[in-house]
Each structure stands twice: as C-alpha cells, then as structure tokens.
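Both complexes below contain subunit A, partnered by subunit B and then by subunit C.
Let's look at the complex of A and B:
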C-alpha cells in the first residue's frame, strides 16, 4: 500500500484548478493551431473535404518561386514599413522631444495624439476613404480651392499614389502610439543629467547626441521593431480602403494569405505563406533583441 | 543705505541682451506650440469632419464642405440605427466586449495568482510557454484557428467569436497580473490564511481587491482590442445578426456605398463608446502602454 497524502493531493488539485481554464483555452486556441499550421502546410486541402493530399514542400516551393503576387505583397508591405519607420517615428520623436521639454499642456497633447490609435482600422480607413475620394473627396476639394486643380486624382485608385496614400493613413493612425512610448522613455531620463551637462556648458545638440540618444537607444529599437511587426501585418486599413487594388498595388501579406484561404480555398498553401511570413517577422524580432542587448550594454 | 539695497540699473547693453534672450525664448516656445497644435488639429480634423458630414443630407454632403452644420440632420442617426441595423451591431459589440473583458480578467487573474503564489509541478514551464506566445508572431495561425472552430462547430456562433479572443488576452493578462502579484507583500494573505480563508477566498477577497489598478489597465486594453477587432469577425461570423460594429460598418459600406451621411453616422455611433472609455481611462492606457512596452 502506498500511503496517499490526501491533504497534499487536495492541495495540488486546487492549485491546478486555478490554472485549468487558462490552460484549456490556451491548448485549444493557441498550441493546437500553432502545430496545425505546420501540419496543414504540407498538404493540399480545400478546408472542407475529408481527404487531404500530401504534397511535401510543394506549397513552399510555389510560394517562393511561382507566386509573384506573394512577393509583390511583401514588397508593398516593406515599402509602407520603410516610409512609416522614417516619417512616423521621426515625427513621433520630434513631438516627444518638444512636449518633453518646453510646453504646457503635456497631457492635452498626449490625449489628442493617442486618439487615432484608439480608433479601429476600419473606422480610420472608411473616413480617409472619403478624404482621398476621386470625385467628391475633401483633399481634391482643398487642392482645387488652392488652385492646384491639376494635382487632383483618385488617390486610392491611382496606381501611382495608392500605396503612399495607404501609408499616410497608417501613419496618421500610428504616430501617437510611438509618441507615447518615446515620451515615456524621455521622461525616464533623470533631469539632473541634462542640467549637469548644461551647467558644464553643453549646447542643446550636444545634450541630445551625447545624453538623449545613447540613453534612448533601447527605446528606439523597441519602437522600430514594433513598427515593423505592426506595419508588415497591416490589414484593416487595406481592406476598408483599397482591398488590395488597383491591380496588386496595395496587396499585403495578410490579404494574400486570406485570398489563398478564402478566395481560392487552398488552406495548405495559405498556411505555408503564413509560416514564411512568420519566419521573416521572427528574424526581425531576433535582430531587434540582439541590437537592444548590445545597445543597453553601451549606454 | 538705500543706494546699497537697490540693485544697480542694468546698462543699455545688458538690457538689450535680456530682450534678445526673451524674444528668442518666446520664438522657440511659440514654434514648439505651433508644431504641436498643427499636429493636434490634423489628428482631430478628420473626426470633426466625419461628425459634421453625418449631420448633412445626401444632397448637401458633396457640395457643402463646411465643418459647422447650421441645420443638423439628426435623422441620419435614427436611420443608421434602425435601417442600417446599427442598433444590432452596437449591442453585439457591447456584449462581446463585456464578456471577453470579464473572461480575460477572471481567467488570467486566477492563473496569474497561481503562477505567483501557489506551488505545483510544471508551474514555471507553463508560465514560460504562455508568455512566449507574446513574443512569437504567427500571422498564419488564424487559418488553423478557423479549422479548429469549424471542427468544434463554433463557426458562426457567438461562442466561436468570444473564446479565441479571451484566449488572445490571456498572455498579456497573466504577465501583467503575475508581475503585480509578485510585488504584493504576502503578509495580508498570510493573515487571511491564519484566519481560516482557503486559497480561493484569499485570491478573491485579498489579492484581487489589491490588484484593481492592474485589472483596470487590463480591462481598458482588452476592451479596445475587442471593440476594434475585425479579422476574426470576418472569418467566423457571416450571420448579420451576430456581427459586431466593425463588421457591420463594412457590410453597410458594401450595400450603401454612396450614402455617406448614413455611413458617417454609423461610424460616429461606433466610436462613441470607445472614445468615452478612452477619455475616462486614458491615465490607465498611457500607464499600460508605457509599462508594457518599456519592460519588454
């Protein structure tokens, strides 16, 4: 007879009861789907049939070598990301620097700048859709009023401007988020450092380049990588404005994955696209972690 | 005596320098204010214009570009609410948001409490696995999620839209609350235990009331996420009577593409609750983003 310690057993059971609901949901909706994606990626399956045809790595081969639209979508997302990294984060940093130092009403600006990030991508897309509209859009109206009638166009339907217009909408929605994080980073810098430097005769630029930038490097890297991850996975704004058009000019990876899944019922292929995309994003976050570790060692 | 106490008058030159400094200071200050005000105006303008347009009529909306509507056409809101079915979408969104927020807080606080305070085999492994999903991006997982929901018969059901979202909030919730519980001094809980409380009672009556600030952050964040969610709603829900607002907006836009005033009224309806919540709780939101982001 093995002696059973009932008190101990009861104790363990109650402990497990605490984590059981979380663990159950997590297994069903996170862990299982995670492995299912890898399994499905080597099959040809329409999502309905009981039979799945094993195709090995064909889906990945198709994705990499035979699907130009996939790489177009990657390039589009990369372009939006690059524009966002440059302009959105610069604007966010400039605003954060200004608000951090010389302005009253810090809280007012923080509340207003963070308003667009609170709205959904659908709402933002639908409102801007009308601003950029070709026939009765507000932007064209304003341009005509300023005597720049020649510049008017259907901004979101013109292949030349569609992608950039989407990027503008995305940045309008996103800069407040970068602003809030950068401002918090700036406010975490001890004031005494700046003041000591000023007493020692350092100018504004010197303080910025020798104190602010080194101390903010980890925050810069964090904001950059979150910008990259968020922008590469842009979707709501696309679907509520251009839906990928005109042609493939604003297709992004998530819309392509959805087209493969819902449009052409190739679940396996959609999964392989998802894995490829996930690996690329993972590589980006790994680089960020490395850089972040490196920068915190030197600051 | 008087001559010693009154400071000497600054010479002409020093006075000039003083003025130059003051002007420079004000110029800088003014420029800074101007930049910030311009950006703030750019943030608010599309929203003001949206509200203004929602009060115009179909015939004036394309010709009258003014921001101030002298004869507001409130009837648009009634039309959107009834004919556009926004009442249904609205209450669906309220329902989904309430249930998911409640579920996330309840389930993640229990788990976080266990990870922080209770001893059981597998504790650390489970915690690390759950937290690691915050770090690994899996953009294709919604395909497999759809397959799972299909197998469970949850496609086009409210439950099928709710459960994955509760799960989606768990990682952040457990992480935030566990860090919070870790920092709480255990004395109060010990006292409660000595007074005869069992584990659930200690968790519910002692730990949870203390965790209110963290719970508030969590509630706001999840409310925003659920209210604004679109992709899952698009995949899971095709029955119009189950759709939340974001989905409803797209459906409305698809079928009434030219009725801009009504669409804008629908958008205004859809943002009122979330913007109010934001204004009421913005302190927690700012605290949450900065804490979450800077600790990573």
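Let's look at the complex of A and C:
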C-alpha cells in the first residue's frame, strides 16, 4: 500500500481551489462559447427554435462558394486595411517622431493624439456623417468655399468614395493607438546611439534609416499586426455611416455576420462565417509573427 | 489573523486558512454563475414584469404602471433594454434559458414571431380577445390585430391565433413640406396624386432650388417598403405573392417597371444627396430642417419632427400611384405590440394589465404623450391633424406579416441592395432583376434539395 502524503495532497487541492474560480469563469465565458460557435456552425438554427437541423458543412460551402457578398466584404475590409496600414501608420510614425523630440507642449499633443481612439465608434461615425454629408456637410462647404464646388459629392453614398471615406474615418479614430506604441518604441532607443552617430557626422535621414528603423522593426510589426486585426474587424463606423451601402460597397465581414444572424436569423451560417473569418485572421497573424521573429533577429 | 500566512518548505500548515479561503472563493464563483443563470422571479405574486425597448415612451408607461398599481394592487415592473437590437438579443437569449418576463415584445420579421410561438414562448390570446362577445378584439383597428395574428394557412407554420396586443399602430407614407410647396408656387393643400403629377411638381421645386425626396434608405427595409408599395400598385397583391412563391419571375416586366421607378428617381435627381446610405434619423433631421420637399417615413415621425422643428408645416400623403389598375398599398398595422409569456404562471395578471392598457383612456393618454397613433379605435377621434392624416389611411395598409406568402430574407436583402445599386447608377433595373432572380432560383434549388 502506498502511503498517502496528506500535506502534499492538501497543498495540491488548495492550489487547484485557488485556480478553480478563474478556471471556472474562463471555461464558462470563453471555452464554452468558443466550442458552441463550432457546434452551431454545422446546424441550421434561427436562434429561437428548440430544435436545430444538422446540415454538416453546408454552411461553410455556402459561405466559400455561393455567397459573393462575403468575399466582397473581405475585399472591402482588406482595402481599408491596406490604406490604413500605409497612411495611418505613416501618420502615427511622423507624429511620434515629432513628439519624441524636445518640443514645446509635447505632453499636450500626446493627449490630443490619443483622444480619438477612446471615443465610441458610433459617435465618431455620426460626427463624420455631418462632415461628409452630401447636401450640407462641412467638407462640401469647405470645398465650395475654396472654389472647388465641382469636387463636392455625397462622400458616403458615392460608390467611388464611400469605402475611402470610411477608411479615412477609421484612420482618424485609430492613429492614436499606433502613435502611442510607436512613441514608446522610439523612447526605448538609447539616445547615446543617435548622439554617437551625430558625432560621427551622420545626418538625420541616416540616423533614421540606419538606427531608428532597424531598432523599431519589432514595434512596426506589432503595430502592423494590431492594425490588420483591428481594421479587418471594423464594424461600428460602418454601421453608423453607410450601413454597408451603397449596394455592397462598404460591406465588411462583421456586417455580413450580423446580417446573417439578425437580419436573416441564420445563426448557424453566421457562426460558420465567424469561424472562416477567425481562421483567415489567424493565418494573417501567424505570417506576421513569423515576420516579426525574423525582424527581431535582424534588428 | 493572516489570510495568506507565509509558509516554509516542509512546514506543516495550519488546518484553517490555506484550504478554506480558496474553497470559499470557488464556491462563491460557482454560486455567482449558477445564480446568474437562474430565472429572475418577480418579488411577489402581485408583480408582473414587462421588458420593452421604448425609451421615448418610458415615462408615459411608468405613469400608467403606477396608476395600474393603485387600481389593481398589481405592480408592473418595467425594464428597458435599448436599442432594439440589444433588446432582440436579450429576448432571444432569455427564450433559450427560459427566463422571459410575463410581458415582452418580439421585434423582427414574421418568421421570428412564428418561431417563438412554435417554441412555446408566446401565449395565444385569441380566447381572451374573443371572450365576452369579442369585446377586447373589437377595440382595435383590425389591421393592427392582423399583424399579430396567424391564419390557418400562414406560410410560417405557426398555429393559428392572435399572439400580440397592439399598443399603438403605425403606417408609412410620404410627407410633403407645405412651406416649400408655397415657395415653389405649388398649392400646399394639394399634394401630387399620380407619379406624373409628382414629377411635374418636382420640376417646379427643383427650379426653385428646393431638394426633393429624403428617406433613410441606408436602412434597406425602407427601400423594400417603398418598392413593395409600388409592386402592389403595379401588379396587385396576388402577383407579388406569386413572385414570392416562385411562380412569377423577378424579371417579369411588372417588376422591371417597379425597379425602373428607382432609375427614374436617379435620372430626375429626385433623391436628396446621400440619402441612399442615410439612416432614417438623419433623414428625419433633413426633412425637419426644411432641406427636402418630400419624405418617406412612418407615423412615428410626428414626435421627432415636433422635437426637431416645432414650426415645421407638413402633411402626409399616399405615395403617388403609377398605375390605376391596382390600389396603392402602404405598410402599416401594429407599431408596438406586446406578447405574453405562455410559460408564466402570472399570464392571467399580464393579460388583465394589457386589457387595461388598451382601454380608451390609457390609449388616449399614450397617444397624447407620445404622438403615436393609438391601437384602440375609440381613441382615434381626438387626434391632432397630422396623426389624423396618417390614421385616415389605415384601411390602405398592408404588411408582410399579413401576407399569405413570404420572401426569403436573402432575397429581400438582394432587392434592397439591388435598388441601391440602381440609385447610384451602378446597375440597370434589368441587371438587378436578373441578379435577384438568379439568387432566388439558387435558393429554391437548395430548398428542393433539402439544403435549407
């Protein structure tokens, strides 16, 4: 008979009991819904009925091969992401570089630049509705005032400008995040490196390209990953500005999931779209992580 | 006493805190989760719970609930969950967990209500409505009850009966700004009756520099509503429903005529700039501020217009007809309806409260306070002129929930999106009709194969 070490057993039980509340909450509110989504994705269910009908992988087949609006929404989100990656992060970097210098009122600018991200997306969307309004919007008013009346248009209702307008709103709301992270990265670079380079006769551009950029590469990748994940999931601004229109021009994956779930009461299909979208984002994140590791080694 | 006494390796720990504190925490977490899932019971049998989403009517409903408690001794606890999509999600989740209150509303499409009924969540109120010679039923505008009823041959498979109590009624019409009419030299007491007159009037308004029509067509259901009005006018109810049944194609010339109307709106530059993606609240602001001569909106607009611009001079008008072959039908019926939880032990108390709430004095009070059309016909006599104008056309109303056939949600969405494409000049009416028909055929094929 194996002797029982009561002290050890009690320690073990105590340890598990400490972990139990957190584990229970995690299981109930994270693990269970996660698996429930997978379960629902193979059923046809309206979210109300007591019975669900098993449809196998039909929901996935429909999403991948028979729902062009889903792929249009993916393309739209990708376009917004690309524009955001280029312009939002460039703007954030420029502002971070400016504020990183010893300029007057830099703390004020830090607060101001960080204000848009803390605002609600719905509120931001409604405010920008007034700016982009086709009849009496501020932008059209300003353009007319500058003698550019021919450029005025319903920015959010014109298929040529709707997606770009949404991207502009998203960038305005989001550049503060990138700014804060990039600024933190810049401040982590030892000042001595720049000073030594200056002593050696390096100009500002050379310092930026040979010291700042290599040392900032991991930060750039972090900001890129966050930008991609955040932008692909854009939703609240769309709802409060274009509602996915005109036509499908500003539909994004989350609005399609919402339409499937609430508009058509197809919970199973909505879950399959959610899984598909999650897998795509996971793949993108994995590529980014690989690149990030590579950049860490390089820097 | 230390809650987390420092111990050394090998030290025999005391018998108390090291074990009981985490055990207590674990039990607390377990209890919190279990109690969170438990059904929320009213405090006493003299209390019923009503969940609603009507933030604009909250005060009026609270006043009536207090009044009811004084009369009957039954407390009606009102809980607001807004906006409406949050409310809908809550109702769905509560239905799944069996925690619905005594009285609640079902927002959404007829198939949603049918699903709640089939799942046993909504009580059939027909016996109560028909009791005492149908006294309760006779109080209402028939169309308002029809929106809450399912007939024996309904396409949703719901058992026949009356499942909701209308609190107010709505209908969706066009509105015109009388001051802008005067400004353009038009008779403010004679709105256009036909589409041709409408276009003629529009030319005069346009010449006077007045913008045309505004509506929240970023919310595609409003486009579908407008299109449906004209589909009924052009081809009549039977042909519209036959289209839903798959017996008439969307590429039929009558449907093309309906879609062409939107192309005409585009060519005539009739729509206010940006209205194609506008939410209805923004459209209401535009019309209230006198920046559009016409609006397409529901009778619920009276309150927001009053709030936004009390001096606004306007009146409702039926959408100008394009055909004399069939009557113009507008969407209307029940605006707000409440359902009774079929599984609640206090459903009789809940029915008694709704009977009281729909009596003439309470309905008149609600109408006066909230600028909505009352569901009780006897309260409609003392309406202000604009609401009376809406009420005058209650007999011209129809609604998808009353139709004997229903269209698939994805097709309905394709119609709305397709019309948006016409309005922005991206697609022709024929292309949109073809797109919709292709989708419809695909879905019908799936249905035949049992995929959906």
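Quick note on the criterion: the second predicted complex is superposed on the first by the 277 of 299 C-alpha atoms of A that agree within 3 Å, B and C clash if a C-alpha of one lies under 4 Å from a C-alpha of the other, contacts with A are read in each partner's own complex, and residues count from 1 in each chain.
One rule holds for everything that comes next: a residue touches a chain if its C-beta (ideal position, glycine included) is under 8 Å from a C-beta of that chain, and two chains touch if they have at least 3 such contacts.
Please read these numbers as outputs of a predicted model, since none were measured by experiment.
S.K.: Kindly say whether there is room for both subunit B and subunit C on subunit A in the superposition, answering fit or clash.
M.R.: After superposition on subunit A, which the two structures share, subunit B runs into subunit C.
S.K.: Quick check for you: in the superposed arrangement, does A:221 touch first (subunit B), second (subunit C), both or neither?
M.R.: neither
S.K.: Answer with first, second, both or neither: which of subunit B and subunit C does A:70 touch in the superposed model?
M.R.: neither
S.K.: Considering only touches as defined above, state whether A:136 meets subunit B (first), subunit C (second), both or neither.
M.R.: both
S.K.: Please work out whether A:47 is in contact with subunit B alone, subunit C alone, both, or neither, and reply first, second, both or neither.
M.R.: both
S.K.: Figure out whether A:278 sits in contact with subunit B (first) or subunit C (second), or with both, or with neither.
M.R.: First partner only.
S.K.: Answer with first, second, both or neither: which of subunit B and subunit C does A:28 touch in the superposed model?
M.R.: A:28 sits against subunit B and subunit C alike.
S.K.: Just to be sure I read the superposition right, which of the two partners does A:18 touch: subunit B = first, subunit C = second, or both, or neither?
M.R.: Both subunit B and subunit C are touched by A:18.
S.K.: Now for A:10: first (subunit B), second (subunit C), both, or neither, which partner does it touch?
M.R.: It touches subunit C, and subunit B stays clear.
S.K.: Going by the contact rule stated at the top, is it subunit B or subunit C that touches a larger number of residues on subunit A?
M.R.: The partner with more contacted residues on subunit A is B.
S.K.: Tell me which of 148-156, 166-174, 220-228 or 274-282 in subunit B produces the clash with subunit C after alignment on chain A.
M.R.: Given the superposition on chain A, subunit B and subunit C clash at 148-156.
S.K.: Considering only the contact definition stated at the top, list the common interface residues of subunit A for subunit B and subunit C.
M.R.: Touching subunit B and subunit C on subunit A: residues 14, 18, 21, 25, 28, 47, 136, 240, 262.
S.K.: Which part of subunit B faces subunit A closely enough to touch in the complex?
M.R.: My answer: residues 28-29, 32-33, 35-36, 39-40, 42-44, 46-47, 49-50, 53, 62, 65, 107-108, 110-111, 113-115, 118-121, 126, 129-130, 133, 135-141, 143-148, 150, 152, 163-164, 166-168, 170, 174, 198-200, 203, 224, 227-231, 235, 246, 249-250, 253, 260, 263-264, 267, 270-271, 274-275, 278-279, 282, 285-286, 289-290, 293-294, 296.
S.K.: Spell out the part of subunit A that touches subunit B in their complex, as residue ranges.
M.R.: 12, 14-16, 18-19, 21-23, 25-26, 28-34, 36-37, 40, 47, 91, 94-95, 98-99, 102-103, 108-116, 118-123, 126-128, 130-131, 136, 138, 141, 172, 176-177, 180-181, 184-185, 188, 219, 222-223, 226, 229, 233, 235-236, 239-240, 253-254, 257, 261-262, 267, 270-271, 273-275, 277-278, 281-282, 285
S.K.: Can you list the residues on subunit A that touch subunit C in the complex?
M.R.: On the subunit A side, the touching residues are 7, 10-11, 13-14, 17-18, 20-21, 24-25, 28, 44, 46-50, 55, 58, 66, 129, 132-136, 153-159, 162, 240-243, 245-248, 250, 259, 262-266.
S.K.: Which of the residues in subunit C come into contact with subunit A in the complex?
M.R.: 12-13, 18-19, 22-23, 25-26, 28-30, 33, 85, 88, 92, 95-96, 108-109, 111-112, 115-116, 118-121, 211, 218-220, 272-279, 282, 286, 291, 409-410, 413, 417-418, 420-421, 423-424, 426-427, 442, 451-452
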